[in-house]
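Letters are used for the chains, namely A, B, C and D, taken in the order the chains are written, and counting of residues starts over at 1 for each.
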């Protein structure tokens, strides 16, 4: 079986059988998510190496301290506060609820993760999400300004934070001029700018925003680990000093402060030693781009123009059915009677050999 | 250095130098917590072995499913629901907030972790904690009945759940007759019985309650992993079917549903394969008992009578100061002008050789 | 001055000067709201008459008890629970938050008061509002079914309640067949049906739903007093026994249980002695209909087809400017470059004489 | 019947029959509460007089504006913000929840109303109440300092506000030196000082604190109307500018902003025209003092030393049983086998004639 071979190997090599293209293959490979596999081998190495050292609890371990320093150095912002937590919904709910006063709300695209897929996590902390429709999952000053025109005093919440995802839930990403425009608009309008970086490495790799830009042009953001090669974990980075104070209390209060913070510290220290974090993002985008090129060459169009690790090609149902025999993925939405957009996601563990197999199968199914 | 030696070794052996007793030793060992080290080696082995398998997200991976089955089998209750989360505060806040209706409160000992050390996590979900003073951290039907006498309708919350910890925050543990009495009282009085098992293996090992008893005599409890050899993680077990429905929604809403649930699944599947979970508890209690015996032999008394992995000996300040040169621990409370109770905690990684060194030092400091 | 004359009179007569039409009048009359004046004289009489009687607190006074009985009798449902509170946002937030479990959400039209004009009151209790776009402020099984198709398990809230307003925020009202269809759909889909009756008397008078229908076909609703002649107050009616238990605890917890509940009791007992409550609704609709007829006769169209006490005629800006000299009202929305819809609201205190003055002015301004 | 005579009279006279002392009387008078009757006649007069004037909604009516000005003038603090709400629990929950950040808690005496009798209203907004035991319901810098010694960082909430009641729930009151000491301590320790003035007029009348002192030495307080002659209503006064901003949003969000704010405005404008508010407090204390003197003269002792309108005499059960035939009141607590403390409360409507009847009956029952 294909996967058990992968498991045995401790490298990124894949023993594919390209000569078998066209015949039935007996394996199943998942493009459903970038969190289908475990952790990058360098992370596991670090966990093993440090396993028996005795450490302080609750984020005061030396690894978490070091991870914070590495991240601040890469940001070029010595005053940013770094807090490590176990998941993205947790990062969002603690960051948003600790920032907003009770009557304040957060602005998000309709497609924003906090509004679509977090089971009312923000509302459960008492805050309203104000949603704005977009065609590509991205907010802009114009869209926000239109929304704010309708807001009445006292009888409606006071919007106080703008939530953006980079990359977005639709595979798109922000460019630096877009970030700068949002930043300027937010400053003028007394809005905090917060970036959900569940897929940050992929989002940055796709565009021209640098990691250091995030330390300058957002009030806070989080660095996604779960979807970028960690066992779990996200690093919340708070640049705005006004939002830093007492943040640890809020982490504890929401159940987000791990006793064994070392697990998060070791991972983020590994990811930010050298450029591992960003290399993983580049790897994911590169493998996704191989798929995109193949779809485009065969004449397929896409739901959104994505240069990140999530792509949404539109395919005939027959091709989709054919692909399902060996590949797992989500059908995203019907586009007409006989076509649908599917979502394919690459991960830190996606091998080029698998991409080649997929492309061969796609080619064969298209031309059948 | 002592610890680096420990780290290099991949076994539980310790290269101690007992002949050096009486001289200055150049090491520092921490008895502060049972979460100072990483994970039990068998857990790391399992993580490595399964790292590249592709799994469903959000707790639907095969390891989490297997962990649930192993736990249900050991409980002898095929209808118990098992949910894996990353920490104890999280387990408590999701379990309590998903159970109570808005006007309902939870009863806890004053020393209960939810009241003392969770930064208002329960209140942050909108619920009041009703506290009862105890001498040993344990609740009883008599104590609860006294409290309930003072509760007025409508103008006070309706108490609906009893929260107990086993072992308790003071190192004590419940016996089976005590659990049965609480169970009967709760049933009669329309109260749910919930056990915080952050240190469950230690608590069970110290007394006569079996793991299967927990499936019969509580509405819900959680199995602590963080303090029992896991990298992180707790397994919430819900026995009462009325509390099971829609629990996953609440996990997600509180940021407690991990995308890579496999990390928790692999760990709990390992801990509940054979008796590893309980062996770790027994190891912790055995090493703590060695310390207890040594203190008793030297004539010291204790703050509470503990058979678990947390002990609270009362020592002269001079002895405490002496111990601090090589050992880290909490001073718990002053007991008179020249004495204080300290807290010593053993862990899955505590070596008997370290215990011997400690006892030698204690002996020497006492007799100086 | 016009208004001081109104105040002196203790009847509904108005000493108008119709002969003055065409000349400048020196008065200002407000059609902004149905809560601009104090209370219906019969309510004040009752307050005076009972002022010195000593009563139990917190809703156990004899007037509140009597109000409950009168309402139940008119409903024909002896098992409905009646609770009196001071305002509509309060009624909504207590009813919704006491009904929903933490992970559950409420469905509302985009125009619904809970979503548009209650400053996140529902979210502040931890619950999400799911919104559906409508053209007339009314929900239907079809609209709800379309929405429910997009709801995913676990990762989205579980919708559990449908919130409708009657009359709606856009002046429209439900007919009996619409209510029955919603009721049937909700039952099939495990949804509670809750009606916001801030303007209930007006809504019922406009259509064919009887008051008794509300006791049969909703799980809960509230009877608006503030906008129907009371000094303040709304009567929450809970028909579904499952939602009745412990409701008083929730009232107290949300600050909605008045010590001097007698103030609410006396008012609702007065409104539901005979048909006063409904007569006030009919009066408001009748005076509004006089305005509607006048607008229609002059060829004006309307934003929504309203038979209730809120109407939305579309006027040229010149006419709007002219009306503003003697009348206060909201401009609701621009409809094109030179036209806007205004909102006119009649109240229990609106005199036909004022309506006549307004119509004369409208006529004059239109024909100028 | 006694009470119907009271009702007919529009004065404070009472047609008692003192000659009948010793015989059975056929009336029942309640000393249970200070909210058993309706409103002071001057308030009803004002409501009648202004009933038909048209006013802005949501607290922008001219009466609410005038009430704010009158209160600010009496306070001598032109910068205090005044907000009128319908009840005390509501005042407390909005004030506390809008002030505290999520991880912050409020300190109260164990006997404090927010902790004892508000059904978890503060916790329902997400905040923890830290309680301190007292013998008389009053907090002091010493008691608070002792408590703060036990507070740990991060793992416990950060106490940020001190809640005191004046008069207290036990009938005691603060003196100016006590208030100044609390004020100084709170300033030094970054704590807000908030006074619950449900029975403020009685509390001030009993001691040497002036109304203007409250504008200088508290961050916020509320002026109780419900228990001081109003139909309902409390006036929240916020002196600290940092706590004023956006308060109206929080009122609306918690369902505390009345559409017909005029009802509250007219009442507080009446209470603060001249000294009516304080005269009512003085009347209540004077009638209570007559009772206190009578008890003392007969040799009875008291649970607490009260100069306010709540007194707690300790009586033999036989006397209590005898009094119950014509008087209603709470038995507060058993003090020994044959004695209990009862609570007697006087109100704005308590007639001296009734006090005389009570004293006659007490005398007779004592000497029987």
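Basically, a residue touches a chain if its C-beta (ideal position, glycine included) is under 8 Å from a C-beta of that chain, and two chains touch if they have at least 3 such contacts.
No experiment lies behind these values; they were computed from the predicted model shown.
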Looking at subunit B with subunit D, do both copies bring the same residues to the contact (over half shared) or different ones?
-> same
Starting from the Cα centroid of subunit A, hunt down the chain whose centroid lies farthest away.
-> D
Find the geometric centre of each of subunit A and subunit D from their Cα atoms only, then give the gap between the two centres in Å, rounded to an integer.
-> 54
Distance from the mean Cα position of subunit C to that of subunit A, given in whole angstrom = 45
Can you list the subunit A residues in contact with two or more other chains?
-> 102-103, 118-120, 124-126, 154-155, 157, 249, 252-253, 257
Subunit D-facing residues of subunit A, complex = 58, 97-98, 101-103, 125-126, 153-155, 157-158, 246, 248-250, 252-253, 257
Could you pull out which subunit B residues touch subunit A in their complex?
-> 3, 6-7, 9, 29-30, 32-33, 35-39, 41, 44, 47-57, 86-94, 118-121, 124, 226-227, 231-232, 249, 252-260, 262-263, 349
Residues of subunit A touching subunit C in the complex | 102-103, 105, 116-120, 123-128, 152, 154-157
